[in-house]
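For reference, the structures are reproduced in the following blocks.
Each of the two complexes below includes chain A, the first together with chain B, the second together with chain C.
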Partner chain A sequence: MTVAAVSPEVVAARAVCKSFGDGAKRFSALEDVSLSVHEGQFISIVGPSGCGKSTLLQIIAGLSATTSGEILIDGERITSPRPDKIGVVFQEPLLLPWKTAAENIEFPLALRHEAADRRRQRSQVLLDLVGLRESAQLYPHQLSGGMKQRVAIARGLVRDPRLLLMDEPFAALDEQTRTRMWSELLQIWARSRSTILFVTHSLIEAVYLADAVLVMGTRPGRIIERLPIDLPRPRTPDMVGSEVLGQLRNRIWHLIAGPPT
Partner chain B sequence: MQRWTVRAGRLLTLAVVALAWEAAGRLQWVDPDFLPPLSKVLATLWRLLHDAQFLTDIRVTAVECLFAFAIVTPLALGCGFVIGESQRLERTLGPALQVLLTVPKSIFLPVFVLMLGIGFAQKVVFAIVLTFFIVVPTGIAAVHSVPRGLVVAARAFGATRSQVYTSIYVPAMAPLVLGGVRLGLIFAVHGVVFAEMYGAEYGIGRNIMLWGEQFQMDYLLAAVLLVVVFTVVLNELMQLCETWSRSRFEEAAS
Partner chain C sequence: MTRAMVWSRRLAIALAVIALWEAAYRLGVLNPLIFGAPSLVAEAAIKDGPAFLAAFRFTATEIVVATAIAWSCGIAFGVLAGAGAARSLVAAPIFSAAIAVPLVVFYPVAIAWLGIGAASKIAYGSAAGFFPIALATLLGIRSIDQRYAVMARAVGASRAQILTQVEVRLALPAIVSGLRIGTSLAIISVVQGEMLTSTDGLGFLISYHRALFNVGYVYFGIVLVIVIAAASNLALSALERRFGRARMLEQATH
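After this line comes the complex of A and B, so read on.
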C-alpha cells in the first residue's frame, strides 16, 4: 500500500458528471466523481445497482462521454477508446464465436494489423499467464464460463495496457468458479504487474481482491467513501470467511444501506 | 447409424412416390391421359432435353432468372441493411414494407405487361418486385442478429467503424445473409416462371402453360419435373452453404 501510494498515477477522474435527458426528465447518473488509481494498485468500485458504476467504467473506457469533468490517463485527457492505455473485461466474455481462444486474444492486435507471428507470440505468453495453453485452438463454445472469462482477461491484457478495467467480470459465474477466478485474477495481477480497476456489486469480492474499495451511493451516483483494505497479501480463499474481512464488508454495507439499528 | 436410416427412409419415400406414380397410370387407377406414368414423362423429358427449341426456352428462362436474382438479392439485402441499421427508418418504413409483403404481387402482373410488354424486362422486373419484399426482412433480421455487445467490445479494443463492419458485422450476419440469398434464388425463379406463364414468347413457363392448354400432360409434367429438380437442387446447395456458415459463425455469443 505504501509503495502503491508513491507510484505514479495511472488514471484519474476529475469532477466527472454524467446526466441523461433534458429538462424535467434530466437524470443525474454521476455527480462530481473523482478518483485516482496508481500504478500497480487493485481498486474495487462497489455500490448498489443504479449507482452509475458501470456508467463510470464506460466513461473511463472512452465508450461514453462525460457531461462535465475529465478523465486523465498518465495525465493525458481522453475522450475516445484508448486501447493502447486501457484494456477492458466485460461482464459477458464477449468473445468472437467464430474465432479460437488464441485468435480472440490476438483480436486487439489484429485490429492494428500486427504481423501474425508477433500476434501468435503475444497470445502464447498470455495463454500461459491465464493457464489456457492447452485450449489455444478451442472455440468459445467449447470453453467453460470460467475459461471464457480468462480468455477475455488475456485479451484485455494483450496490449499491455496501463490499466485493466473490469466490469463485474465474474457476476455470471457460479460461486465456486468465482472463488477460483479470484485467486486466478490475483495471480495474474501479480505476475503481469498490471493496474486494475474492478467494478462489482459483491461486497465480499470488492474487499477480498482490492487494495482499496471505492464505495458508491445512488441518486445521484457518487463516491461516498474510499476504504483502504489492509488485509495482507497474498490473499487466500480462507480469508473470505475471516473476521477482518467480515467487518470490512459490514462497514461497506452500512455505508450503502445506512447505519445499524 | 441413425443418420443412415433417416437417409434410407427418405430415399424409400421418394421411391414409393415414384412407384405409385408409375402404377397409377399403368394400372388405370387414374386416367393415364391426366397422369401419364412416370416412365413416359421421363422419356418425354429426355426427348425435350435434345430439342433445340426447348433448349432455347431453358436458356431464356435461365438468363431471366439470373438477371433478376443478381439484381434483387444485393439490392434487397442492401436496403434491409440500411433500414435495419436505422431505428428511425425502420419505424417509418416498417409498416409499408409489411403491407407490400402481404399484398400478392401477381395482381400487378397485367400492369407490368402494359408497361413493359411480354419480353425480357417484364419477367425480370416482376421477379424483382416479387422477391424484393421477401428478402428485405431477411436483411433487416441479419443486421439485428449482430450482437451489440461484440460491437461495443470491438470499439473498446480500438476497432474503427469499417473494422467493426468487417470483423463483427460480416461474420455475424453471414448465416442470415446466405438465407436471404437462398430466398432470392427461389423467388427469382418463381417470379420469372410465373410471369412467363402469364404471357411470353419463350421460356419454360410459357411451354408449361401451352402444354396445359393443349392437354399434353406428358410434356407438361416433364417441364414441371425439370423446374422442380432444378429449384430443389439449388435450394439444397444453398442450404449446405448456410449450414456450414452457421456451424462456423453462429455459436452462442457468450
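After this line comes the complex of A and C, so read on.
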C-alpha cells in the first residue's frame, strides 16, 4: 500500500447514505459508506447480493443521487455523470449494434462533436491498448463476448478519465474467458496507469485483481472491512489457486458469512 | 436456386395465369362482364393509355405526398410521445383507439372541408397512415433496453442525444414495421377516396368505367393500382433489409 501513501486521492465517498421509499416502507440501501481511492490503485468492492454495491457504484458514477453524504472527485463534489472524470464499464458490454468497434469506442467523443481525425486517433490508441487493432472495423455481432467487453473497457477509457468504474464486467463471461480477461485487465491497467474501482461478487476475482478489497455487508449496506492485498505484482493466473490467495478469500468469506463453525 | 432462376419461374407463373385467364375468356368459361380478359385490358391500354397514365401520375403523387406526411408526422409524434413515460401512457391508448376507428366515416367531412380534389385524398390517406406509425414508434421507443440509455448517460449523452442517437436507432425495427402498415393504409385510403368521390385518379377511372361496364378499362385501372402497391412493397422490403427486425436479430446474436 505504498501507492496509497504517496499518490493523491482521486475519489472519496463521505458518509454516503442512500434509502428508498418512505415511512414504514423505508429501506436503507447504503448507510454511512466512506471510502477513498488513490491515483493508480486497483480497488475491489465485494459483497453478497443486496449489499448495495451496485447502488454505490451508480452513485459514484453520478447516475444516482445520495440521500445524504457526498462524492468527491479530485476534491470536487459531483451530482451528475462526469464522463471527463469517470469512465464506466457495465456488466453487459452495451455496444451500439450499428457501430463498428472503433465507432463504439469513439461514441463518447462523437457526443462532444470532436473532429473525426482526432476521434480516429484516439480509438486507434485504445484499440492497441486492449489488443483489438485488427478488429477496429468489425461490428459487435462479429466479436466474441470477451472482445466486446474489451471494446467496452476501451470506451470507458477513451476520455482518459481519472477513475474507471467497473460493475461486475466479467460476470456474464465463461470461466476461461474470465480468467483471460483478468490478465488482460491488469495489463490494460498497468499500461494506461489508470485508477480502477471494481465491483464484483466473486471473492477470488476481487482478491486476485486488487491492491485492497472493500468488503460490504447487508441490511443496511455498509463497508465492514478494508483488506489490503499484499500479493506481489505482476499477478499470474497460477496465483488464483495459491494458498495465500485462498486464505485471503476465506477471510473475506467469513467476514460476509460469519466465523467458521 | 439463383436469382435469375427465381425470377424466371415467377415470370412463368404470371404468364401462365394470364394465358389461362385469356383461354377461359375465349372458351366462354368466364363471363367477361365480371372477370374481364387480358385482351380486353390490352385494348383499354391502347385506346385510352394517355388518360390512364395521367390518372396514374395523379394517384401516385397523392400517395407519395400522403405517405410522406404519414411517415414524418407519425415518427415525429411517436418519438415525442414515447420520450416520456407519463406522455406515452396518455398517448398510446389514443393512437390505438384511433386505429380501431374506421376513418372512412370522416371522409365526407374531409370532402366538405377540402373539396373533391387531391387535398381530401391526401388528408384521408395521411390520417390513415399516421396512427399505426405513431403507435409503432411510441411502443418501439418504450420497449428498448433501458440499460443502453443508462450507458449513454454515463458517457455524457444529453437527453436529446440519448433519444436521437440511441433510443430511436434501437427502435428502428419497430418503426419500420409501423411504416409497412401505415403505408399500406395510406395507399388503400387514397384509392378508396378516389373511388368514393373525385374527378381524377385511378380510383375515379375504375369507378367510372365500372358504371359503364367497360370491364377491360376497370381491370387496366386495377393493374395500375397493383403496380403502385408493388413499388411501395419493394421500397419497404429494402428498408426492412437495412433496418428491420431480422437484421437487428442477426446483430443481437452471439
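FYI, the second predicted complex is superposed on the first by the 260 of 261 C-alpha atoms of A that agree within 3 Å, B and C clash if a C-alpha of one lies under 4 Å from a C-alpha of the other, contacts with A are read in each partner's own complex, and residues count from 1 in each chain.
What we mean here is this: a residue touches a chain if its C-beta (ideal position, glycine included) is under 8 Å from a C-beta of that chain, and two chains touch if they have at least 3 such contacts.
Quantities reported herein were computed from a predicted structural model and do not represent experimental measurements.
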> When the two structures are superposed on chain A, do chain B and chain C clash or fit side by side?
Replying inline: clash
>> Going by the contact rule set out at the top, does A:L143 touch chain B (first), chain C (second), both, or neither?
In response: second
>> Contact-wise, after the overlay, does A:R222 reach chain B, chain C, both or neither (first, second, both, neither)?
In response: neither
> Which of the two partners, first being chain B and second being chain C, lies in contact with A:F90: first, second, both, or neither?
Replying inline: both
> Just chain B (first), just chain C (second), both, or neither: which does A:R162 touch?
Replying inline: neither
> First (chain B), second (chain C), both or neither: which does A:R235 touch?
Replying inline: neither
> Where on chain A do the contacts from chain B and from chain C line up?
Replying inline: 61-63, 81, 83-84, 86, 88, 90, 92, 94, 96-98, 107-108, 111-112, 139-141, 155
> chain A touches which residues of chain B in the complex?
Replying inline: 147, 149-150, 152-160, 163, 167-168, 171, 248-254
> Of all residues in chain A, which touch chain B in the complex?
Replying inline: 61-63, 81-84, 86, 88, 90, 92-98, 107-108, 110-112, 139-141, 148, 155, 172
>> Touching residues of chain C toward chain A in the complex: what are they?
In response: 147-148, 150-151, 153-158, 161, 165-166, 169, 248, 250-254
> Along chain A, where are the residues that touch chain C in the complex?
Replying inline: 61-63, 81, 83-84, 86-88, 90, 92, 94, 96-98, 107-108, 111-112, 139-145, 155, 159
